[in-house]
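After this come two complexes, each holding chain A, first together with chain B and then together with chain C.
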Partner chain A sequence: MLMDRYNIWQKIGIYAAILVFLTFILLPFVEMFRTSLSPMSHLFHSPYEFWTTEFSFQAYHDMWIKVPLLGRYILNSIYVATMVTVLTMIFVIPAAYAYARLEFPFKSISLGAFLAVNMFTGAVLLIPLYRVMQTLSLLNTYWSMIIPGVAFLIPTGIWLLRGYLEKIPRELEEAAFVDGASRIYTLRRVVLPLAVPGLIVVGVSVFIGAYAQQYLFAITFNQVREYQPLAAGLFEFIGYQSVEWNQMMAAALTGILPVIIVFLFLQKYLVAGLTAGAVKE
Partner chain B sequence: MATLNLQNITKSFGASQVLKGIDLAIKDKEFVVFVGPSGCGKSTLLRIVAGLEEATSGAIVIEGTDVSALAPVDRGISMVFQSYALYPHLTVFENIAFPLRVQKLPETEVKSKVAKAAEILQLTEKLQLKPGQLSGGQRQRVAIGRSIVRNPKIFLFDEPLSNLDAALRGDMRVELSQLHRDLAATMIYVTHDQVEAMTMAHRIVVLNAGKVEQFGTPMELYHHPATRFVATFIGQPNMNLVPAKVLGYDTRGLAVELDGGAQLTLPVDGAAAKKGDRIEVGMRPENIHLGQGLSMKVRVLERLGGTSITYGHMDNGQRFCAALPGDADVAEGQTVDLSINPADCHVFDASGAVLRRLMAPALAA
Partner chain C sequence: MTETSLPAKARRRGLSEAWFAWALIFPAVAFIGVIVAWPLLETIRLSFTNADMNSESWVGLSNYQKLLGSTKFFTIIGLTFYWMVLSVSLKLIVGLIGATLLSAAVPGRALFRMLIMPPWVIPIAIGCIGWLWVYNGQFGIVSGMAQRFGLLSGPFEFLAYKNSAFYSCIITDVWVGTPMVSLFFLAAMQGVSRDLYEAAWVDGAGRWYRFRRITIPQIMPVIVSMALLSAIWTFNSFDIIWILTQGGPRGGTTTMIIDTYKTAIGNFKFGEGSARAVAIVILLGLFSLLYLTLLNRVNKFYGVK
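Showing the complex of A and B:
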């Protein structure tokens, strides 16, 4: 399109801005990676040296020995995040559909309340949540990390998915209704298949949210080593004498690898989903 | 198949009343078109018949049974939507089969019914395609296929041709008329296009501002419009309305003087008119020919080949339009002398109601 044509200076400006932005976002990862490759002796070298000939993947090997449960922690992270995602979607899909299509009292107020809940971080609710977990005898179980995770992610999920479902033409549902289909049948056979890109967007964002937030719930509600997710398990690299920074960074990078891989596969849906319905097709 | 009676249907959205008491009796196997300008309530009325909207008051009676409280599928109706409302993720086969899947019919029955519908609509070759791979006309046929597959008593069409281009629309009009004959079903069709209404309908319901202006055959509407609204809505180009004054009434008809001076005696039932009453004389452009009595200055001339349509105004500034023969010797900027057969004139009183024409064509009986 003509309007997508930029002159050379505009292009330089755009790429310069992208460069600044990406540097800002990616530099911590570069530093993590560099640290994970460096031997411990090198890390505290003064003056600071960015490059060395001593880079090796030794830390990626040693970390499994230093923290024998590391693999378990990574699996725990994925398990908790997956469970949170599945449960959240089970609640979010009917709720979002109801908000997108049905009329009921206090609809917009309750929708606003969901948004308001998001303003409280998990941290301010930790003590009441601890009491709840205690009362329900859920402390020191996977559920103590899963249930609060689900609770905090439902509101955003509803908002995201509702926006998507509203874009599905109402006439499709009316046509199904005229042909005798119930709401549930229509949801299953017409609405959800058409909402797949939206479901992927919501699912991925819930998964990432669950992955990121589980640390807080893990260190508060769970004392059992075997149930800890990666973020909590990384503490084991902090010894009495020294901190194995290189192994910790290697473990952190290994732990987020699954998420990055999922992201790469689904990113075309993410971009399409977040901008869906923005223009008439 | 089925009769449909609407009894005093009203519909309000909040404070605004969009349907103000609709009474209609539609006969079995009839093809009825609801026509009217946008916002007249025609789509709302159709949706009420379909069961997609609830009427504020009134009853919908199909084959003698009040169906007002029933779900669409239990009313025995099916509907074709303006956007076709095809399911983009399903094949043509599954789109047509959808109502049967809802009914959980056995696979063999589904197959044979879909095959039959596909054959009627010439879609047999396309059954495995997705709607996105079809042309507009084919998508339209799939939507119709979905509506015929479960054998409804009444078919409802909501402006089904408005998304098609002009040439295809003409073809689909013929196909729909053909389909109506083949299925021998009651059909109700909503459109804002008077050509669709005139060509396909047995009877037309003209709606305006939530009320039925007239319900009659196309030729009744054309020759005996009940109101000024119907007269100007039906017919292309629109009827000219020339303000006039009543001079008197006798056995020959109503003597009037047009604003601008011309005097005519019109064969209409003017018993109720009094001398000096203000009226409007309706003259269809196609009834006007070159002659004497009326004069018009031509502003725009459209030569369509068979006819030449002139737009302009009369001496007193009254806007006027005439459809003259294709080879008529007129030019833009020129003043032409015209005339009209008094029997072709329509007369409307101050309220917009018609004075019945006494010498109308036999076709309109």
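Showing the complex of A and C:
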């Protein structure tokens, strides 16, 4: 379109600015990758040298030997995040539907209370939460990381999904009612199938939240090495006599790779999907 | 019958609307009740005790008196708000610039949108490990390159000095938060009707004018809600500071949440830690209330609903 046309200088300016922006975003990853390829002797070389001819993938081989449970940590991370996502969605879907469609007493107050939960991240409530986990004898199990994760993601999930469900035309539900369908049937067979794109976006957002924030609960509620997620397990590379930085970076990059790839594919839907939840009319 | 409720015929069948609604919400309420509300009440109760690992007894307001009497605590509050305001402003500004750049109609846009995702989707702790290395004085890229170009005469440990450690943590926090802010702004920008831009363009409005007078007002609701959410998350941001500096050096990066964690989990002073947690909740509550009230005023002033 004519309106969107840029002259050559504007184009150069835009690309230059994008380059600066992406450099900031990707700098740590580039640095991690470079470190993972470098032999330790080069990393500790002084004066500083950016480039070397000795780059190799040796660290990607050695890391499995140095920390034998690495594969387990990577799977743990994905397992915990998946469980959190599934459980959160089970709580979020009915509640979001109620807030989107139904009229009931204390509606806005209870929704406000849900959103206020955002103020109490896990770190604030850690002490009694520890005791709750102890009482339910969940310390040192997967559940000690899953359950708090679910609780703190429910409010955002409800808020996002509600925005979605409000966009679904009401007439379809009314038609189902007129045909004699029950409420539950309508929710299951009419609303949910229509809400699939929204469910995907909310589910992915919840997964991101669950995957990104495992560190605190893992280091506080779980001492069993076999259950540790990647974020906590990586610190095993530190704490021996020396820190194998190149292996640590190699392990970090390998661990996040599967998830990154999935998100790169989902990115298109995410950007489009967030609109519906975030912007209301 | 109000416009929002379902047809009367449907309402008569089965549960009443209110009961049905509460039945749908109940599981979520019950879950949060056990995992969030009960611990919250417990935190308040513990803040009036001197609980530690083994014992606890009622000490009344003494934890709070101790806090209010310590100048160190007020320094920490000041630092926390400075941390929040600076970091959130940067996230919003960088996020807005990023979203604008990524919405520019240039070839390669789809690729650029993908490339900003990683800091958001990976575990925060792993991103921090990367930054830990970037900030390293001997081997990190920033110090190393600065020496190469003659900006620094020797290695500089960014995390070893109060000021540089604080601003290093800010940069990492902005790095973690910006992709999400950018994507939300980008999504909002795509929701703005093209007709508005075309009408303005036909009238001869330039790019900057269209950005200022159409884009910004149209996405204002998202900016406003993102600012509040981001402020709350930043205030309670734990992983980043804990991994980079553990609150040091000499308290230079000790925000309220780090102070709470150190007191309660590090030193097992559950009572004193709880009092600090309650202080966080009160301050954040007041902040949100003030923010929403001001917002309401501004909206009324401009006649926005």
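Couple of notes before you dig in:
What we mean here is this: the second predicted complex is superposed on the first by the 263 of 281 C-alpha atoms of A that agree within 3 Å, B and C clash if a C-alpha of one lies under 4 Å from a C-alpha of the other, contacts with A are read in each partner's own complex, and residues count from 1 in each chain.
As a working rule, a residue touches a chain if its C-beta (ideal position, glycine included) is under 8 Å from a C-beta of that chain, and two chains touch if they have at least 3 such contacts.
Since we're looking at a predicted model, the values are computed, not measured.
Using the contact criterion defined above for the overlaid structures, shared-chain residue A:V206 touches neither chain B nor chain C, since it reaches no partner.
With both structures placed on the common chain, the touch criterion links A:L126 to chain C but leaves chain B unconnected. When the shared chain is aligned, no partner comes close enough to touch A:I78: not chain B, not chain C. Shared-chain residue A:L26: touches chain C; no touch with chain B.
By the touch criterion defined above, A:L138 lies against neither chain B nor chain C after alignment on the C-alpha atoms of chain A. Counting the residues of chain A touched by each of chain B and chain C gives the higher count for C.
Once chain A of one complex is fitted onto chain A of the other, the partner contacts of A:P169 are limited to chain B, with no touch recorded for chain C.
Shared-chain residue A:F177: touches chain B and chain C both.
Judged by the touch definition given at the top, the superposed model places A:Y185 against chain B, while chain C stays out of reach. Shared contact residues of chain A with chain B and chain C: 174, 177-178. Against chain A, the residues of chain C that register as touching in their complex are 2, 4-7, 9-10, 13-15, 17-18, 20-22, 24-25, 27-29, 31-32, 34-36, 38-40, 42-43, 46, 94, 97-98, 101-102, 104-106, 110, 112-127, 129-131, 133-134, 138-141, 143-145, 147-148, 175, 178-179, 183-184, 186-188, 190-191, 197-198, 201, 219, 221-222, 225, 229, 232-233, 236, 238-239, 243, 257, 260-261, 264-265, 270, 273-274, 277, 280-281, 284-285, 288. Taken in their complex, chain B has these residues touching chain A: 50-52, 71-74, 77-79, 81-83, 85, 87-89, 98-99, 101-103, 146, 150. For chain A in complex with chain C, the residues that touch the partner chain are 1, 3-4, 6, 11, 14-15, 17-18, 21-22, 24-29, 31-32, 34-35, 43-44, 46-50, 77, 90-92, 94-95, 97-99, 101-105, 107, 110, 114, 116-121, 123-129, 131-132, 147-148, 150-152, 154-155, 158, 173-174, 177-178, 182-183, 208, 211-216, 220, 229-232, 234, 245, 248-249, 252, 255-256, 259-260, 263-264, 267-268, 270-275, 278-280. Against chain B, in their complex, chain A makes its touches with residues 169, 171-172, 174-181, 185, 189-190, 193-194.
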